[in-house]
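Two complexes are shown next, each including subunit A; its partner changes from subunit B in the first to subunit C in the second.
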Partner chain A sequence: MTDYGISVLSLICMESFVALSTYLLLITGQVSFGQQAYFGIGAYVGSSLTALAGFDLTFAILAGALVAGVVAAGVGALTFRLGGLYFAIATLAFAELIRLVWVNINYQVEVDGFMVGPKGSEGFRDIRYLLDNDISSNQYLWIIVLWLALVIAFFIVLERSRLGLAIRMVENDETAAASVGISPTRHKIMAAAMAGAIAAIGGVLFAHFMTFIDPRNFGVMLGVHSLAYAMIGGMGTFIGPLIGVGIDIGLLESLRIFSGYRMIVFGSLVAAILIFRPRGLLDEKTVHRISMRVRQALGNNRKSTRAVTDDPG
Partner chain B sequence: MTRAEPQDMLSAVAVTKAFGAHLALDNLSLAVTKGGVIGLIGPNGSGKTTLFNAITGIHSPTSGSLHFAGRDITGRASERIAQLGIARTFQNLKVFRRLTVFDNVLGAQNSASDMTMWQMLFSVRRNETPRRDRVEHILERVGLTDRRHALAQDLPLGEQRRLELARALAREPELLLLDEPAGGMTPQETDTMAELIHDVAEAGPTVFLIEHKMGMVMRLCRHIVVLNFGRKIAEGTPKQVQSDAAVREAYLGSVARHA
Partner chain C sequence: MQFDEFFFIDLIQTGIDGAMLGSVYALMAIGFALIWGLLGILNLAHGQTVAFGMFAGLVSAGHLKLPIPISFACAVVTGVLVALLVERICYRPIRRAHELVPMIATLGFWITTEEILQKIYFHMYFKDFMPFPNPFTMTRFTFGEFVIRFDYVVTMSVAVVLVAALYFVIYRSRLGMALRMVAAGHDIAHLMGVNVLKTLRSAFMIAGAFGGAAGYLLGYVANMANPYAGSMATVKGLFTMILGGAGSIPGAIVGGIVLGFTELESAYLFSFAYRDAIAMGLLFLLLVFRPQGLFGTRVEDKI
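Let's turn to the complex of A and B:
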């Protein structure tokens, strides 16, 4: 694979973490413009652990996810009462606040004769973990894919579990969910924490891929894009936001067919989809139709083998 | 003033609910004893749904208290009250629109609120045969078996009302609040619903029923409470209520005049 191909694929995967993070909040009924905050927390916490304290990358990822998850739970507990637009604005404000933390944070230590660490708006340079450990960009792509696979596995379990059902019940109708004993508050805070952790995994991976980060990496455009990914791809399944990322980075950005006009094309695409398919390409209705087809196909199979398996489903 | 008696399943003591200067419930006291169907009637705007919302924790009362099975439930969170054993349906349908009929009922089952989130995450929906069988059984009772894989939003109104009933039944409640379960239904659908409510009450929960269709109310209820302007103006057996002068004046009278 060419270096360019590797780098595009890596970007797609890393962007997917933020897209999935935003999606998890969307299916709980919360529109967030601020998931880049947790991506940033992951990036800064993770890089500090490897570059300043010499920790292992895996540990840095887990620690970054934990810190971001705790912060997100706290923010969730403060904002869960806010509905719709107000929640969206709160997430945006919080993300900008976190970005200003990156602009102002100044802390270097000497590592092997170099001063390393976040240096305000100049960013955090020399995150040399991949170089120091002789990890090629090809190998690193596989590390990224592995972590993304773990997160996807989480979504597969979630969407087939009672917890996933409860989350969607809260999204459909909070009053009705509460009337059957499901606490909207607890589920929203829990979803916020998990979404924060997921975005942070992407952030740690991103920082080590780039080898230097600066506050501009974690601006509002990242949050807006990840929201757009879920809305393009659809809210019926976690595959939706992944398709959204694929369309934007995979087609529009990497093929350079619309070079210079990419944002115009992307913006029009988002507008068109919001008009014609307000809940995205793979919306709940489409996913339901597909799953019915699959069920039918499986059902026919099953009937023929029922005598053997005696499956009650 | 009435007090909360221990043998009452549900009691309201001097409950007032104010929306601004308007008193939707005005110093209302009533008791629901265990068993059968109890009716709650009154003209539009008399506070029936407001009372249901107060009982289920959607609006906490401005003053007064509510008791269920010996517990004070005043101002508790909706989900806590649901977990204590009160289930309800909504007059302005609140089905989970983008979920299937089956998942609407499955997600409401009692067990879901007893599990921790981790247990819920690892309780994969497909592998819970006994619970799924119970869902199938409930769907059969309300006559939605054929529709179980449809999205709730694709059901006609009558079926959505039955789905709300099925969802409430999945809670296996002690007290079931039905807010106009036959609203907007055809006469045939209404009859089917009335039979269903009768069977449900026979089988277990005490049913507290808001309904405007008087034939249905008189036939089903052993006891009826009549509200007007947020106050209780009468209560008793269907016969007593029908012959009550205040009720005739405030409710049946006005209906008769307008009909």
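Let's turn to the complex of A and C:
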């Protein structure tokens, strides 16, 4: 694969973490503009651990996810009462607050004769973990894919579990959920924490991929885009946000005709798709129809094989 | 920091400047409040009326050297046109869908137009931060110990005139009556013979006019124009609206002044670097503990 292909694929995978994180909040009925905050927390915490303290990447990812998860749970506990618009603005305010922390943070340490560390608005340069450990961009892509696969596995389990059902129920009707013993508060905070952790995994991976990060990477547009990914991809299943990211970065970036005009095409596409499919390409109805179709096809096969084996002649 | 008389003089001076800067924030927030109050949707594309208004001001005053009132009018008209486009694309075709849908459509509009504007800036100037013409940069008045910048006075007076005009329209005209009726309920207004769609289009136009005006004044006060003003206006305008109470116009005005005041005072008392962070943190806490804003509004006076 060419270097270009590898970097596009890596970008798609890393954006997917933020898109999935926004999606997880969307299916609890909360519109968040602020998942870039946790992406940023992951990036800064993770790269501090590897570049300043010399920890292992895996440890950095887990630690970043943990920190972001705890922060997200805290924010979730403060904001779960706010509905709709207010929740969206509160998350946006929090994300901007975190971004301004990055703008103001100055903590440099001498490592091997170099000054390394976050340096205000100039950002955090020289995250040399991949170079120091001889990890090629191809190998790193596999590491990213592995982590994405873990997150996707989590979503597959979630969508088949009681917890997933409970979360969807909280979205549809909080009162009804509460009346059958599903605490909306607990589920919302739990979803917020998980969403924060997922975004942070992407953030750690992003920081090491880029080798330098600066506060501008974690601005409003990242959150806005991830919301758009989740919305156009569809709210029916976790594949939706992945399709959204794929459309934006994959399709538009690889079709070089649009090079440089990606955002313009993407923004118009978002508006156009939503006019025709208000809940995204893969909405709940479509997912249901497809899964029925698949189940039917599988059922027919089973029946026909049984018919064959049952046939004595 | 010494708490002597100069400290207090500077404190008051900063407060005055903050309130004047806040009048621009108020203009930005009024557009959001109008659409939220009437439609219950978040018009994320409203910031783009500010950005395009600023751009129109830059072209007409900077390039074509038109006099200030005419270039200001250009900015307002541009804002109105952008708002009409938003209404046509992002609201009208999908107004029956879930309230999130128009919001995401305006989000798409925001992403698209910001990129277009950025391309235009690069194409025209090869850079994205341009000095905005302001003939009064160095003109100031002194009142005893206090200094007042003339451009702030102009900004504030324009804001006051615009707000007065808005109040006149809302409470003293047929259109205002229709607007208040639509705010009370679309179906009721329709039954009473109000053309709801037409009224909403006027609301978008008014919001756009305020956005365009805010864009011009923002460029004028900051002495700088850039294509990212839309994002900044969306963030600050939304915060201002929430600060005052969603959908409330008096709330938007007071919220703007409070936000401008808080920003400059925290820059003076703590540090310039933390000016936005402190304002943002206070807003977050306000949302958590008093989500209805400083002046929580009752449902009946949404507008």
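By definition in this document, the second predicted complex is superposed on the first by the 298 of 313 C-alpha atoms of A that agree within 3 Å, B and C clash if a C-alpha of one lies under 4 Å from a C-alpha of the other, contacts with A are read in each partner's own complex, and residues count from 1 in each chain.
Here is the rule we use: a contact is a pair of C-beta atoms (placed from the backbone, for glycine too) under 8 Å apart; a residue touches a chain by one contact, two chains touch by 3 or more.
All figures in this text were calculated on a predicted structure; none of them were measured in a lab.
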Which of subunit B and subunit C A:295 touches, first, second, both or neither: first
Subunit B versus subunit C as contact partner of A:268, first or second or both or neither: second
First, second, both or neither for A:231, with subunit B first and subunit C second: second
Which of subunit B and subunit C A:158 touches, first, second, both or neither: first
Contacts of A:97 with subunit B and subunit C, given as first, second, both or neither: second
Partner chain in contact with A:221 - subunit B first, subunit C second, else both or neither: second
Partner chain in contact with A:139 - subunit B first, subunit C second, else both or neither: neither
Partner contacting more residues of subunit A (subunit B vs subunit C): C
Contacts of A:181 with subunit B and subunit C, given as first, second, both or neither: first
On subunit A, the residue positions that both subunit B and subunit C contact, one per complex: none
Complex contact set, residues of subunit C against subunit A: 36, 42, 44, 89-90, 93-94, 97-98, 100-101, 103-105, 107-116, 119, 231, 234-235, 238-239, 242, 246, 273-274, 276-277, 280-281, 283-284, 287-288, 291
Contact footprint of subunit A on subunit B as seen in their complex: 56-58, 77-79, 82-83, 87-88, 90, 94-100, 103, 106-108, 110, 112-113, 115, 117, 120-126, 129, 132-133, 149, 151, 167-168, 170-171
Footprint of subunit B on subunit A - complex, ascending: 157-158, 160-166, 168-169, 172-173, 175-184, 186, 190, 284-285, 288, 292, 295, 312-313
Residue numbers on subunit A that touch subunit C, as the complex places them: 31, 78-79, 81-82, 85-86, 88-90, 92-94, 96-97, 100-101, 103-104, 219-221, 224-225, 227-228, 231-232, 260-261, 263-264, 266-271, 274-275, 278-279
